[in-house]
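Right, I'll just put the structure down here and ask away after.
We just call them A, B, C, D, E and F in the order they show up, numbering each chain from 1.
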Amino acid sequence: MKKGIGHHQVGESFDDFLLIKDAAKGVASNGKPFMTLILCDTSGDIEAKLWDAKTEDETTYTPETIVRINGEITQFRGRSQLKIMSIRQAQTAEGVQVADFIEKAPVEKDELAEKLTEAIFEMQNPVLQRLVRAFLKKHQNDLLLYPAAAKNHHEYVSGLAHHIVSMLAIAKELHRLYPEVNKDLLYAGIILHDLGKLKELSGTVTTTYTLEGKLIGHIPMMVEDIGRMAEQLQIEGEEEVLILQHMVLSHHGKAEWGSPRPPLVREAELLHLIDLIDAKMNMLNRALDKVKPGEFTERLFPLDNRSFYKPVFD
Amino acid sequence: MKKGIGHHQVGESFDDFLLIKDAAKGVASNGKPFMTLILCDTSGDIEAKLWDAKTEDETTYTPETIVRINGEITQFRGRSQLKIMSIRQAQTAEGVQVADFIEKAPVEKDELAEKLTEAIFEMQNPVLQRLVRAFLKKHQNDLLLYPAAAKNHHEYVSGLAHHIVSMLAIAKELHRLYPEVNKDLLYAGIILHDLGKLKELSGTVTTTYTLEGKLIGHIPMMVEDIGRMAEQLQIEGEEEVLILQHMVLSHHGKAEWGSPRPPLVREAELLHLIDLIDAKMNMLNRALDKVKPGEFTERLFPLDNRSFYKPVFD
Amino acid sequence: MKKGIGHHQVGESFDDFLLIKDAAKGVASNGKPFMTLILCDTSGDIEAKLWDAKTEDETTYTPETIVRINGEITQFRGRSQLKIMSIRQAQTAEGVQVADFIEKAPVEKDELAEKLTEAIFEMQNPVLQRLVRAFLKKHQNDLLLYPAAAKNHHEYVSGLAHHIVSMLAIAKELHRLYPEVNKDLLYAGIILHDLGKLKELSGTVTTTYTLEGKLIGHIPMMVEDIGRMAEQLQIEGEEEVLILQHMVLSHHGKAEWGSPRPPLVREAELLHLIDLIDAKMNMLNRALDKVKPGEFTERLFPLDNRSFYKPVFD
Amino acid sequence: MKKGIGHHQVGESFDDFLLIKDAAKGVASNGKPFMTLILCDTSGDIEAKLWDAKTEDETTYTPETIVRINGEITQFRGRSQLKIMSIRQAQTAEGVQVADFIEKAPVEKDELAEKLTEAIFEMQNPVLQRLVRAFLKKHQNDLLLYPAAAKNHHEYVSGLAHHIVSMLAIAKELHRLYPEVNKDLLYAGIILHDLGKLKELSGTVTTTYTLEGKLIGHIPMMVEDIGRMAEQLQIEGEEEVLILQHMVLSHHGKAEWGSPRPPLVREAELLHLIDLIDAKMNMLNRALDKVKPGEFTERLFPLDNRSFYKPVFD
Amino acid sequence: MKKGIGHHQVGESFDDFLLIKDAAKGVASNGKPFMTLILCDTSGDIEAKLWDAKTEDETTYTPETIVRINGEITQFRGRSQLKIMSIRQAQTAEGVQVADFIEKAPVEKDELAEKLTEAIFEMQNPVLQRLVRAFLKKHQNDLLLYPAAAKNHHEYVSGLAHHIVSMLAIAKELHRLYPEVNKDLLYAGIILHDLGKLKELSGTVTTTYTLEGKLIGHIPMMVEDIGRMAEQLQIEGEEEVLILQHMVLSHHGKAEWGSPRPPLVREAELLHLIDLIDAKMNMLNRALDKVKPGEFTERLFPLDNRSFYKPVFD
Amino acid sequence: MKKGIGHHQVGESFDDFLLIKDAAKGVASNGKPFMTLILCDTSGDIEAKLWDAKTEDETTYTPETIVRINGEITQFRGRSQLKIMSIRQAQTAEGVQVADFIEKAPVEKDELAEKLTEAIFEMQNPVLQRLVRAFLKKHQNDLLLYPAAAKNHHEYVSGLAHHIVSMLAIAKELHRLYPEVNKDLLYAGIILHDLGKLKELSGTVTTTYTLEGKLIGHIPMMVEDIGRMAEQLQIEGEEEVLILQHMVLSHHGKAEWGSPRPPLVREAELLHLIDLIDAKMNMLNRALDKVKPGEFTERLFPLDNRSFYKPVFD
């Protein structure tokens, strides 16, 4: 199996297909135009400069285009760069597809769908079950494809579903330990808490924020959607609906993190904590995977910019 | 005209009707039951202890009851207290009514209604105008009666409408100074920004927070209501709807003050500032009204706990 | 079964044994001495005033004495008080013991001991296992009796062991979900993280802080103890020892919460999160247990002073 | 009318006069000297590199010199740069003047002077009027020329007077709405609040901070100047003088923003709010003027680094 | 020598003269008037209640009156109280004076004056020396009598001069260690840094804040006074004057502590640190003086509310 | 005497020996390898680029190598750079040694050792004296060589001992002023407070952090070491040991600065303040030494990023 771009060392040469994730024009200090390309495969991404770019290059080398590149890994200001020797667009005949270059969840879409269905089967409260079922039906396709975020954690195809399914597994165990917890409520909160991201994020490949995402954000959007869905299902006014809206609203834990109300219901507090654990473990596992025992990871911005150490012993 | 309870000095006697705003039972250090009453008229409120309270007193002296009290103004731990000599329930024949004892806005309901109508007439953007009109129609009665808050500013009958109308006057002038400002948008934001309080607060007399108010808060509730109203009016998806939702969402200015998004549109920033000015001036004017030139007001908690000085010169 | 003092309502009479948890002298406004007693049974505690206290009362009614009290539940400044009609010391013949009045963990000591032993059996890393085993042996008795804190969470007999055992259960499940996690390291961190409390806290009944606890704190004391124990076991210098010290040091998560280093190892981060979950759930479950559906709990200071709502639906 | 440098797009050529705002020497990686010039006209400014600069270039191309440049707009690290093809000093005969290249307030100096005079005429309190009149006389020339700040808001010729006059207009309207406000005091505070900037800033063209400005700042300097002026006018000890000093001292609102005392007088609070509004609207209007509907502005540092959205609808 | 009121224990009787520091009227729960007196001698102060106070009591027992009291030390809510058995005004013939009851610096006024003179003699920079000399002459009397603060540190007669003289001693030694430090500048800063308190505080006995103190504060007032004094001495514009103003302005160290500019000159930084040391040591020494070895002091609010431990060993 | 690299101006040529402090490889935009060297002598350091670096250059020009360089001082992005004309390794015959290029404390090692010995002689408390003596003996060599920090203050050979000795001098004087202070305790705290750095830092030349330093930090490590040393000396359990551990633990003053307990003993507070003074004066004196009167220093990051002004007058 070929080594991905994320695993090449400085000084190695490279000759393979890559996907253009982002492309920007610039003018060099000698007055000539150049392009900055962000290239990726499923193992990571790298920056490359295309010097003396011609006008047709700008129309050819656009985001979501697959290219064949021969070059060398160099270093600039402490970050890897790919020095381009030659570049060309991939041919249809070469049989490469955009999906082959994008990172995916380590669990298959079908398995994720199945786990979600199982969770709903376990639920007994009819109001909560109907609400959750209605949302899953409405967002069936996107839910199984979207990342959980534009960056930081679960930022890959099916990332959102992967995040939900992991959280459900934690919830199941915590419910066993703390039987006072209302499992149906916790399940419903977990499944719905981030569905507003389907409106906040632009899509699955080169994910950016929508205007609605920037001006309102996924949390208030989802609170609104639960209200409307309850109206459609004619369960408006049920306490379950209010509590679910509260759980979505409060799941970031604090006002300064985007939740105008902090968790004020036990299951809301637990939802917040389970979300934290799964997001942090996802970031940590992937960062530690890239370093050797005895080394520190790169600084992880969403983890307060810490570098983590990977012990040598087992 | 009779002097209200808010203007009596320590040492004066008092003999008049008052409204019970709040009533709580206690047991004195001698083991006998007593009641703590909060009594008010339109000029303010005062605490009173009813010693050796009998069982029937507890059922007689309940909130929203009018009583005739003979007593004296005393002082306890730096705060005024009314020492009860005699107390009895008011008789129907005495012709006193609850409404006579509750503070009202200094502007009449009808005038407030008229000013709101005028503002809507000035608006030319059809989407914004329809939305605002629909909300005013829906909340016609409550809007002209509700306070703007449970305490702190405009916490009196018609306080919400009074706050809106004052803000509209400021907006009109600022639009004249800064003609780039979209007046229709600013008007719409001002009229709708606090309507969620009609769901957040329990009512006009002894105002408390509803369960929905505690768990969701007026801001996300109103964002949801604008979305639903837009759906009903079939203007969903218009940019005006999104921007209005953003204005309501951001009008507290910062995440830690309850706005998950800060203002990101010029008119949203202006809405936040106009809201600040009118709320602060309302608090300041009423606090300064109670002290003499050369004195400081009591500490005003929502104004960072400051005491304000009232100069002697004109 | 008799109703504990924690479940009596204001106005009810009371006639039973209680344990004196704390006793303080005072002088009333009439110049006569009185005593303030904090009385408890396993269901909670209550304050009582003993008016006109005589000199012999002060020597009789001391902490950890059992008394028979006849009285009535009253209320003072919003808190329950026990009005004493008669009080006397319990007689040996009456067969009541201090231990009968102190709250205990809901799991038996023996079961807790067994679970700890099981966890150690699961561990395979010899350095970690030896260290943990040595500490358990050293603190065998105290560990199964001490509370996990002087107040806030698990503040009952065997609270520390109960906290550890609950955390081990969570750890076991999270290891299943995230197999990259080093289970031995996580187990060792969980078992040792709070053992410094055995030096920080004065004991199991009327728990206060020792001088060492006030000036150094349980975290640096335990870091030191791990270093010394490693020296004794001649495993000093092994990386496991350093990482374990780091886990104990960082388990409060942030410098301002008492950890001079934040977690910089994956298992340290997880230890911090598991600690948070179990402490919070313990507080929440016990607070919610005291209120009825549809009500809010009292404010919980260590949970950012929040009141939590208990939903009505199941 | 010619298009200013602020409105040229990357890729366009440029051939016109510009003013040198700042000039700095450097040595290129090839060891040869170069100069970095900041060039401006009334529409904005741009950076340019003069490669292989000779010794005489350094003495010719100094700040406040007008040059004729032929070049092209390029881009470097996301910012526009002017690539110089040829450069020469402007000739006297070409009739260009420094003043033609510097941004000015959108209102004429004479009109600003007139508005200030009108405001003073409206004032009736003799102490306040004399103080204000004396300061206007003392700073007559500078006041009508200075910017209100070195950057951020009203940073153009006559910016300070423009800022004051706008604030006076807002004050006039707010006084109409809140008649309790002491208009004379508010006017006096507005006119004097920033006069310390005449000592804090170096001048009108290439504005920097004076040593006094860096070590003391405009607020304490102006408090001192009011005290001295009052002494000269023999009105020292009048309460108006003290209150005016307080207003200047407190107009930044909070200690961490440079006001050792927060506003403790109603008109001081209002002064702070009016200052905020006019400064923010000045920044916002100018930033939004540079983008098209549907776009976001660049990040505005003094507005908490926010990007503002310009709606598409009217 | 008689034992002062600050050293009596609860339960002891008391029969001696005391000075009334503060007196306030109240109405007891039985409706009768009473007075709360704060009584002091040089060893400390204590609260006392005068029950059933008559009208003439209010005019007799006013602040700064000396009284003879027979009573007993009791305790109320954890604080000592003096229970009054009998009280009467002191007679002229009894030869007691107000000054005998007020705490003084442990160093005599004359010695403090001498140390100040010595410091000035050491100074060689003529501008600094003239400025300091002029201020000492102007405030000669007050400077040797005023406290350094209304509470917290050096809050006794001659406290300000005592604080200055202690700081000068520290400065002298630090100059020896760090000869780069400009001793004259440091001395001048130390002597002048708190002179604004002579305007900020009302006097030496029952010290409160003046209106000027509340609205402007001692720091900006002193900056102004240095400017005016320099004008009088015709040394305005000398750099020494500006740097001295900066030192006074910045001596609280941070904007949030009242210094709009932080120290930006070496001697200003050192002034801030020396001020910290002497203020903290004064508080600490006096608090530790009141407890026995092995005990903790009461909480010291200006020291971040810490309780300090007094070790047992020497 | 030759002028060190720290005192050369831009534009001057340079021909002398320098020590390589750090060396890193890079690839230039033309694709060719280069090296970035940090070169130093005792007067400071400078960056240099070695373009077109060959493979042997990478093995020759490594840290702690002495090189002979001919070049010129240039400027890049506001910082000095050394442009290399020629470079070669120093020959043994040229008689230059690494130690000649490393900054040392301005006081000789022997003198520092003597001062430490004197301090111990002054101590009378046997427990404290024995502890301190034991540590000095244990770390005899390193203590006289190590820097006090990797950067910021006293970051030169013998910096730690220099810092300790300066602090002892301040302590001696403060003890004279405040005789209540326990001098032995303060001396012991000063000598031991930073000894943990001998484990935290890698060494004296190119100082970095050890793994133990990163995961535990010098403060908890030293607390542990004091505990162990006390055990060895059989003085475990003495109060002096506990208080000394507390002093080391709390000497950073606040939890967010790395001290899990704030100072709770007078001498601990004083230790913290003396540490602050000496560290700040060391930074300030060295920064001011590099600028001329009338100029500002570069920004000093550990001093809140301030630039300090150097006055012109004496």
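Assume contacts are C-beta pairs under 8 Å (C-beta built on N, C-alpha and C of every residue); 3 or more make two chains touch, one makes a residue touch a chain.
Given the structure is predicted, the values throughout are model-derived calculations rather than measurements.
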### Message
By that same contact rule, can you tell me which chains touch chain A and chain B alike?
### Response
C, D
### Message
What are the mutual neighbours of chain C and chain E in this structure?
### Response
B, F
### Message
Using the stated contact rule, I'd like to know whether D-E or B-C comes out ahead in C-beta pair count.
### Response
D-E
## Note on the structure
Of all chains, the one whose CA centroid lies most distant from that of chain A is E
### Summary
Rounded to the nearest 5 degrees, the rotation mapping the CA atoms of chain A onto those of chain F is 120
### Query
So chain B and chain E: same face meeting same face, with over half the numbers shared, or different?
different
### Task
Compute the distance, rounded to whole Å, between the mean C-alpha positions of chain D and chain F.
44
### Query
Measuring from the mean C-alpha position of chain A to the mean C-alpha position of chain C, what distance in angstrom results?
40
### Task
Any chance you could list the residues of chain A touching two or more other chains?
211, 214-215, 243, 264-265, 309
### Query
Taking all chains into account, which pairs touch?
A-B, A-C, A-D, A-F, B-C, B-D, B-E, C-E, C-F, D-E, D-F, E-F
### Task
Using the touch rule from the top, collect the residues of chain A that touch chain D in their complex.
25-27, 29, 31, 211, 214-215
### Message
Touching residues of chain E toward chain C in the complex: what are they?
### Response
10, 49, 72, 74-76, 81, 83, 309
### Task
Would you pull the chain E residues touching chain D in the complex into a rising list?
211-212, 214-217, 219-220, 223-224, 227-228, 231, 242-243, 245-246, 249, 255-261, 264-265
### Summary
So, in the complex, the side of chain D touching chain B is made of residues 125, 127, 166, 169-170, 173-174, 177-178, 180-182, 185, 238-240, 243, 262-266, 269-270, 273, 276-277, 280-281, 284-285, 288-289, 296, 303-304, 306-314
